[in-house]
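The following blocks contain the structures, represented as structure tokens.
Both complexes below contain chain A, partnered by chain B and then by chain C.
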Partner chain A sequence: MRALHANIGWWFGFALVTLALLFAPMFWGSFHLTLLVIQGLLALSLGLLWGQAGILCFGQSAFYGLGAYAYAVAAMNLQGHPWGTLAAVFIALLVTASFAAALGAMMFYGRVSDVYLGVITLVVTLLFNKFMNAAAGSAYVIGQAHLGGFNGIPGFPPLALPLSESFEVTGDALYALCCVLLLLALAGCHWLGQTHWGRALAGVRENELRAQLLGYDPRRLKTGIFALSGLLAGLAGVLYACWAEIVTPGLFSLKQAAEVIIWVIAGGLGTWIGPVVGAFALGGLKSALATQTLIDNTVIMGAVLVAVVLLLPRGVVPSLQRWLQPLGSRARWRLRWMRGEVTANVAKDSHHD
Partner chain B sequence: MIDTKSQTSCVLETRGLGVRFGGVVAVDSVDFSLRQHELRCLIGPNGAGKTSFFRCLTGQTTPSRGEVWLADTNITGWVPHQVARLGVGIKTQIPSLMNELTVRENLWLAARRTQPARQADDAADEMLERLHLAPLALKLAGQLSHGLRQRTELGVVLAARPWLLLLDEPAGGLTHDEVQQMAELILEIGRTTSIVVVEHDMAFVRQIAQQVTVFHQGRVLRQGAVDDVLSDQVVREVYLGKRAQ
Partner chain C sequence: MVLDHLLVNLLDLAYAIATLCLLSSGLALIFGLMRIINLAHGEFIVLGGYVTLAATQAGVPIWWAIFVLAPLALALFGGLVEWAIIRHLYGRMMDTMLATWGLSMLMSGALVTVFGNTTTGVTNPLGALVIGPFQVGGYSVLVIGVTALLMLLAYLTLRHTRAGMVVRAAMQSPQVVAALGYNPRTVYRRTFMAGAALSGLAGGLMAPLIGLTPASGGQFIAKSFITIISGGASVLTGTLSASALFGLVSKAVEWLTTPVWGELALLLVAIVLLRLMPQGITGRYFKGQV
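Here is the complex of A and B:
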């Protein structure tokens, strides 16, 4: 919470991410970068749920995959309409958010404990994986779209804007769109954390009983953030579908589910930038390693994770923030002190923490 | 919100209230009632069932039998946030705060539930001043000493502006001066709020209450004016006698 409230640090981090997104295409191809940005969005969706509400969900990839599949199926069926693919985006977001809301309501109103919540979300992911792998043949058809079993769904139209001449959002345009959406999502999360709703969620995270005794309904608050987080993951899924131009059951795999959690842990929980940086760094590392054959890259990824957990248990971004905080907080206090909001005494006092 | 003004008689009433934990009968058929703006002390030895009784009033525990009424509303079986939304505030025996939030954020969250944003800001600042917590505004609640946690929790509960206040051992673990301040504060709040206080400190009880209810083994043993009750032979035996040993 302290981290989330470090406003100067937040704007600094936000600016750095923006600059990185702007200049990265000078050094790397935008095709690979787009995937990193999409994964950053996926990581942020978990960072929102886990960081703000303290809910660890092992099923973020279920919403990711569902968003991708829902887009593929809807886009397939609306093929030919000028607004078809845009409508498909909204349908996909609606489907994932509703599914997350229903799943969340079932768990939170059913008073499922934290451990079982993890298990249930994981099982849901695996069920999707099993089902999509098995859903081959003519029985598994939704309108024009064949679910296609482990081959997935190829050949659906990518996102297109109904301008004078239909404008397909691919390549650099898709990269730009993903960047804008990621930055909006980041700013949105930051804003949300400071609203009454966001703080109430933090209150529930810190002490559910106290929040209840003050009149906050944890079940409703948690269902809400679960649905919102599902929506963000679904959006990442839609963008993934547009980027890959194929969706496969691998989206629901255990590996994908675990990766998201690792990104968030490595980047740092409790900040908005952390999960995104984690996804960029580890995703980037993974694709860099893919080109070498000297050492198996899962070994290197594992080593990096162990190193981060041992050396920076709070994650990379919160640790950086901790080193930089004395600078930031001193500046902030001076500002408030000059405005007369606090007395010098108080200002001195709070330097200690 | 319950209309307490039309009801001059009872703001809180329990009828045959009982709580069992397996074989343990924590609360046994308690009939209790509180008038508006009354300040009542609940005393009794450890394990008498006072905390369990409170937990039934706030919805934290579902009673095994009997009913709880808040003014004209039967709240038996309600969950805590529903009861809280009627305007009931509780300070729990072990101070319960949102540890990774600052003192001010704790107060703000309480105030904001019942008031618009701007008023909640003012209410939080006002409470910081009133309870002399201003220098600690930006400290995390989890870093406070026990005495300060007690005071902060009281502030949090008051910031939500309840009309019925339940205080479970508010003076527990406080220094002599802090107990004095707490007593004065409770008397001040009591002018506009109905309050039930669970307390062990007899000097404290004499200072704040006119009416006292004595719990013993889950039942109401005696009830009446503070001096009568505290000089009662049976009460002295089960409670004061035990403490003197």
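Here is the complex of A and C:
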């Protein structure tokens, strides 16, 4: 019963997001919306890791940046091939997923947990940031791509499909692609949470020792979800590279890392829609604030984070759900009472709702 | 000549270790006692620097500004932060980290609004020191000296005074301390203020050596965060050993290559260290030290 209601709520949210994505281009330019959708995907990647497995990664932007850089480098080197950019996407995804898997394996098999895990992921992000900032000059070249230090890599080919004549995925087409990928990722996360693997991960999140005693290997489960989350973040990075047509070390910055966490925690941890909504709302707020000079942008972001942690530790979407739930169950109860279905075990039954 | 060269290099190394130690001491005190990571630590340091800057510009003698005003102002500010944010989140480590990260963004944004996004500096009050054919900054020697003194003072306070004993006891078991008549919340608040004061002192002391920008908090927090986590549970021993290790590694690599690779080596060593000793250096060696 409960699962069904949760499912109705989920499909409702999913439909709402789909409709929002469909109708948003009527009001705002699709160029800016594309960035929001990409950021939603990035937030979802952290929401998956943090919400499903309880692992707070401080360096989600490392995978984001790595995906973008890997795509840029691969696309530069494969320039001219009809399948070049598509191959570059797969190379980038492979690179980020295997890097995340290696990093995850290193940490989880070493039994590194909570705050120490936060430090390591943060340090990895810093490493990338420092290295990419310093990697200027002719010594830092991969094939035909100059890493370019602080200036980053401009001028790599955007995603193109080898149709009758080469079809470049930019503008509205890129927006559509990003939306489809985001919705697929959302549905995928929801499906994943209901599989055996997803439930085992939730078990590890709730009580690692108990899950271990029941015969699950938390190290393997965590490494798996870490790699998957890295893959999603890498995908967001690839899409970002296609959208911005330049990659810079700023992708690895602490600010970017903090922003992802703020989106997820403000939107709502433990839901799939929450992080995406958080990314949309706060990303939109940020660009709205960028047009005024009265208050610095980081002040608002910082204040949002402090306020959410202190006042709404569960995030906006779960809090909304909690407020709406009693309304729903009361309405259902009244319906059944009118139909005459309510019997003596009403109290027990409504608890189960 | 060779001896002079060695001395200069040793001073350079000591300076690298001392700055790591100085910059992370405030964070280490707060983490060691309260298991709280104050991610706004970097901005506390920057604020200390700006207090010193504002005070010297208002005509206060620089030593007063560094050693009295900056720590005092930050202690008060720390008390305010503890009252407004930290005390609601005791026992929720991750939430505290997130809230203080928000605070750090808030503070750096506010600093940009007030002081503008430009680099400012405090004039260096000390000249150069001549060692044979070489010159070293007299101020760096002062930083080394002050850090050594500070560490010694912290050791004596924690080890041999009543307040230090209460603090160490609260570190081990807040319940017992409460049962013996000390309010752990008061102990926590004062420790947080003391940690903030240390950050203020660090900021004031470093102000003449670095260009202050509102965004420079980020580089401090990363280094001090890594240092104290790698150091582990013991406040002084952990900070000292981790600073020594990281200072040595980054300087050695810097001599061989460039400063950038020195920093990268520091980060890499931190990752390897945490992989091998997830509880930090003092989680494995020097157990039970202060």
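Observations
Criterion: the second predicted complex is superposed on the first by the 313 of 353 C-alpha atoms of A that agree within 3 Å, B and C clash if a C-alpha of one lies under 4 Å from a C-alpha of the other, contacts with A are read in each partner's own complex, and residues count from 1 in each chain.
Basically, contacts are C-beta pairs under 8 Å (C-beta built on N, C-alpha and C of every residue); 3 or more make two chains touch, one makes a residue touch a chain.
Quantities reported herein were computed from a predicted structural model and do not represent experimental measurements.
Looking at the shared chain after the overlay, A:Asp296 reaches chain C, while chain B stays out of its contact range. Look at A:Met106: by the touch rule set out above, it reaches chain C but stays clear of chain B. In the superposition on chain A, contact of A:Leu214 is made with chain B only, not with chain C. Contact with chain C, but none with chain B, is seen for A:Ile261 once the two complexes are overlaid on the shared chain. Look at A:Ala200: by the touch rule set out above, it reaches chain B but stays clear of chain C. When the two complexes are overlaid on their common chain A, residue A:Ala288 makes contact with neither chain B nor chain C.
Judged by the touch definition given at the top, the superposed model places A:Val141 against neither chain B nor chain C. Looking at the shared chain after the overlay, A:Gly118 reaches chain C, while chain B stays out of its contact range.
Chain B contributes residues 58, 60, 79-81, 84-85, 89-90, 92, 96-102, 105, 108-110, 112-114, 117, 134-135, 137-140, 143, 156, 160 to its touches with chain A in the complex. If you check the complex, the residues on chain A that touch chain C are 56, 106-107, 110-116, 118-120, 122-124, 126-127, 130-131, 134, 254-255, 258, 261-262, 265, 295-307, 309-310, 313. Contact residues of chain C toward chain A in the complex are 37, 85, 88-89, 93-95, 97-99, 101-110, 112-113, 218, 222, 225-226, 229, 260, 263-264, 267-268, 270-271, 274-276, 278. Residues of chain A that touch chain B in their complex: 1-2, 196, 199-200, 202-203, 205-207, 209-218, 345-346, 349-350, 353.
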